[in-house]
C-alpha cells in the first residue's frame, strides 16, 4: 500500500498515519518530496485501504498487491491448457488450436439438437453448446426444457462424438449437470454468484466463466480465483460484451479484453460474439476480430432454422453462414500462429 | 410492435413482413409516408422483435408493450404501501413517512450489534440492517458470521423493538431467513438470480430488491415482476449506484432513478448512499439528495467504531454523524410533504 | 510516481528502472516487500508514466502529483467566491446564497425574453440565462439568433436589473460576448476546446464551465486549470449529466460530483437539472437533490409557453412550476446552512 | 413518429394528441390494440418528440426518420470511395485496399519526422500522420510545434512521395492547413465543434472525423452530416475508443462500430488502435481485429525511438513491431476480400 499525503499535511498528521500503519502490521518507508510526502507500507494483513484514506491529511491510498493470486500470470507464466472431455474424446483449450463451441441458444427438442449436432460435426466442430435452463430477464419468457434438455444434448453429442457445454443456474444443480455435461458454464449474470462459485471449486470438471456485463477485468479474475482457491484450476474465461452507452448493439464486445487477459492471467479466454452483439449480421465480423486479437476459442450460436427458434434466433447463424465464417477463420488463424479446430 | 421499413423498401418486401406478422397472430395497420412505410402490429404473442428486424427491407422494429405488468404504475396507480413486521411493531413503507434502515455493514458480534441497535433505537430508527452472509468480490475477504449472525441481529432487534433487514444469498437459505428477518434483502449481484427470485415469489414476507450496478430500470422492474408473478407483491426497490466511467466514487448513485421509478411503477423506492458512494464523507450529502428527490426511505451503514469494522468501515457513519444527518433530513422532508421516521 | 515491480522481478530489472528514473531527474526510494519491490520516485519533471510502465519487470506505475494545481482545494482551502456583474448589480457565487440562473433554453424573440425576464425578476431571480448560439447535434436543427439574440438578452436583463449568462461557441466570439454577457458559458461539448479555454484565460470575466458528458472530474478540473493558468481565476463549474448505459433519462445527473468537487477543489459548483434530465417532470426533483447535496446554484430552463418553444421546450418548467420549486428550495436550503437567492 | 398511449388512456386524451399532431402537419393513423392505442404520425415537420411525450396519457414517443440523410447508406448504397491527394500520388480510401496511415504522435523535429517517414515509405505506407497542434488534457503538457510542424511534415512527405494527415484544432486554422495537408483530421474532442465542422463543409479536401469518446454512432453520423450538408462529401470516419467503466485500457475500442457503420452509412471507416488502447502491447492485436472486422484502414503511431518521444511514446510501435504487424495484416486481409496498402 502506498499512502500519498496531501500537499501541506503537517508532521502530526503524517506521524498519525505511520502509527496506524505500524499497528496494522506494516513496515513503513517514508519519502519526502517537494510537494508530497509518500509512505510505502509493506507487509501487513489485507486491510480496507479506505480506512487509511479517511485519516486527516491523507490524499490518496494506492493498493499494490494484486487481489488475485492463483489466476495471475505470475502464478503460471507459461499459460494454462485445459483438457476437456473423457479419454478418447479429449480436446485442449488454450493450446495451439482455436476451439469452436457451437450449437443452438436453447434446446427445443431432440430433433432440433440432433439436426444441429450433425451439421456441427460435419463442420469439424468438437464442442456442442445449448441451453437447458435459461436465465431470462422477463418471467414471461420461455425458461428452458430443464433436465430433459440436458439429456437431449448429451444424447446428440454422444451420437456425433462431441463434447457438451451448458449453463448451470445454481449450486443445487451441480450433481445433475455432472451427469450430462463436459464443461459447466457460468452465465454473465452469475459471475458474482459466490455460493455457486464456491461449490464449483469442489468439482473436478472445467468451468467456463462468462464476464458480467459490468464487471471489470479484475473482478472477473477474482471470480475465477473463487473457483481456483477451492482446487478447481480448470477455468476458461469467456468475454461476451460489456454494457456501455452505445445501444445500437446489445452490448459492446470488449475485444481488447483478450490481450489484457493474456497479460494479466494464464487462463484461456474465449469470446461469445452471439450474445456480445445480439444480431446475426454482426457475429461473423466480431468472431473474426476475436481470433485476430488472439482468442483461444469462440462460443457461437447456430440454428438450422433460426426464424423458428424459441430464443435468440436473431443472433443465430444459419449453417451456411457458419461454414463461410469457418473458412474465413482458417485464413486468419495462421496470422497469430494458430489453427482452427 | 411497430415496424419501420427502410427508405426505398419495395412492395414485395413490405408484403413479406406483413405476412410474417399475420402468421405470428398480429393485426397489421399500414401507414405510408413520403419516406417510410410504417407497420403497426397489434395483438399477437410475445415475440423476439429481432426476428422481424432481420427481414429484408426492415430498418427498425420498436417494441410497444411494457414488458412488466404487475410492477407498472398502471397496475396500481395510487402506489403501493408495504407493511412490514408483526402486529404491534408494524411500519409502512411507501406512505407519508420516509423510513430509515440503519446498522452495521456486517454483523461482527452480539456486543457490536447490541451497541449499535441501542444507538439506532435512541435515534428513533425502527429497522436494523446488518449482513450475516456477505457477497465478497474476493475469496480472501471475510465472508460473514452466517446463521449465528442472523440470531444476533434478531436478538438485538427484539431487545430494542426493531425490525430486521438482512441479505439472503441463495434460495436454499429462505427457510432459515424466515426465522429471523422481517425483510429479505436481495443484493445487487443477485438482482438477476432468477432461481432466487422465483422462490421469493412464494414467500409472504417483504423483499427489498437492490438494483444491479449495470441494470437498466426496465430490467430492475422485470426482476420485481419475477417476485410479483408468484404472488408476493410486497417488493421494495433500492437504488445503490450504477457503474459508470467516473471512478472517484465507487459507483454513481443514480438519484434520477427516484422520480423515474415513481412514474413507471407503484413500488416504493429506497436509496443506499453507503454502498452508492463507498465513502463516509459522501454519505450525508447523497442521503439528503435522495430524500429531497422523493425517496421513500434510506438504507444507511452506521458503526459505533468504524475504524475497527471488519467490512466497509470506510463507508459507515459515526453515530454523531448519523444524528446530524437525521436533523438535516427532518428539515428537508417537509419540502416534499413527508416526515422522517 | 510510485513504481510497483512484478512479483519475481529480478535485480537487473529493478536496477534498470532505478537508473531510468534517475536519468529523468527523480530521487528514488526503494521498499522491498515479501512479494513486491516498490520504488518511490520524488521530484523529476512531468513524464508520461506509461514510459516506465512498459519497462521489463514493471507491474504498474502510479501517478502521485495532482495534475491540476490552481484548481485544487489545497491552493485555496477556504473556497472561492466569484463576484459577478457590475457594481450595483453584483452577486456572489460560492458564498452563503444558492444562486438561481433561469430563463429560456433559446432566445426566440424580444417579446419572449422580455416576458420570461419579467417573470424571473418577480421570482427574485438575479441571473437570466438564454442561448443565442446553439450547438445542435443535427445540422437541420435551429441554430440560434446569433448576435441579435445576445442584444435581446442584454436589453431584457437591463430592464429588469438582471445579469446575463449565455453560451459562447468559439474564441472568435469573445469580443462580441464581452459586450453583452456577465458570465461566459462554455458548453459541455466545448469543455476540451482548448483553444477556446486559452483565450478565455485572458479575459477578466467569470466563466461557467460545464462538465463534458464523458469527462472525469479530473479532466474537468484540468480544463478549469487551462483558464486559471492564464490568469482568469473566476471559474464556476457546472454539472449537467454524464453519459451512462441508462437511457430513460437523456443523461445521468451525477449529484455525487457536488461533494467530490467540494473536497477536491475550491471552485463553486452549479447544477443544470434541465439538460441533466431532458424532461420537465424530472427537473424539480433533481434541483431539490442538488441543493440538498450542497450545490452553490442551479441553472434552470423556464419558458412562459414551453409547448411553443423552438428548442428543448420539453425540459422547460412552466412559471408556476418554477415558483413551486423555489418554495421547496427555500425549505431545503437551511438544512445545509444556506439561503436561496 | 409513433405515439404509444398509456394503458387506460381515455378517449379525450387520445383525441387531444391527434389534434396536436394534425396541428403540427402530420397525417395520423390510429391502431387500437387490446392494451394500447398507437398513433402513427406521417409527414409533418421536424419536431421535438418530447413535446408530445409530455402530453397527458402518452406513454412513449418513437422517432422514425433517421436524423441523418446524406451520411446514410440509403443515400449511396454502393459505398463511398474517397480519393486523397494530388494527381500522381492519389490513393483511394473505402475501396479494395486497406489503407495504413502511420507516423509519430507528435512532430518533434525535421530529423525525427524524416527518419520515420523514410521507414514508413520503406514499409510501403502511403500516408504519413503526425500532430503539429496537440489538444492536451493538461495545460502543462507540450502543445505542439505549430505551423513549423506542418511544414516539417509536408517536406518529409514530399521527399518520400507520401500524403499527409494532421489534426486541425479550430476553424481559423483552415487556410494554413490547406497549404500543408492532404487530409484534415478532426480530433475526438472536436467531433461536436460545430463551428469547425461548418467551415470544413466549405472546403474541398477530405476530412477524417474521429468519434468522440462518448458519442453514439448516430451523433457521429450527424457530425459527418454537418460536413456533408455544406457540400464536402469526402468524409472518412475513424473509431478510436469509447469511454466505459473498464479502466485497464485508456478507452474501449469499439470494434463492433465497424460492421454497424458499414450497415448504416456509405462512408469509409478507419480505426486508431494507438489512441484506442493507449499501450504499445495492445496495438497490434487490436489492429488485426479491426482489419478482420472489415475496417477500411488504420491510423497507427510509429516512432523510431518511442522512449524519447515527447508525447504518447508508450503507445507508439517500434519500426520492427510495425513491420511484423504489416506481415500479419497481409495474411488477414484476404479473409475479408481485401489487400493491404
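Residue numbering begins at 1 within each chain, and the chains themselves are lettered A, B, C and D in the order written.
In this section, contacts are C-beta pairs under 8 Å (C-beta built on N, C-alpha and C of every residue); 3 or more make two chains touch, one makes a residue touch a chain.
As the structure is a computational prediction, the values presented were derived from the model and not from experiment.
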item: Labels of chains that are neighbours to subunit B and to subunit D; value: A, C
item: Minimal step count in the chain contact network, subunit A to subunit C; value: 1
item: Averaged-CA centre spacing for the pair subunit B and subunit A, given as whole angstrom; value: 27
item: Rounded Å distance, subunit B centre to subunit C centre (Cα mean); value: 31
item: Set of subunit B residues in contact with two or more other chains; value: 214, 243-245, 247, 281
item: Subunit B residues touching subunit D - in the complex, by the definition given at the top; value: 2, 4, 6-8, 27, 29, 31-36, 38, 40, 42-43, 59-60, 62, 64-66, 72, 74, 243-245, 247
item: Subunit D to subunit A touching residues, read off their complex; value: 214, 216-218, 242, 244-249, 252-260, 263, 276-277, 281-282, 285-286, 288-294, 328-329, 331-332, 334-336
item: Interfacial residue positions of subunit B with respect to subunit A in the complex; value: 46, 48, 50-51, 53-54, 67-68, 135-141, 169-172, 189-190, 192-196, 198, 212-214, 219, 222, 225-226, 229, 243, 278-281, 307, 311-315
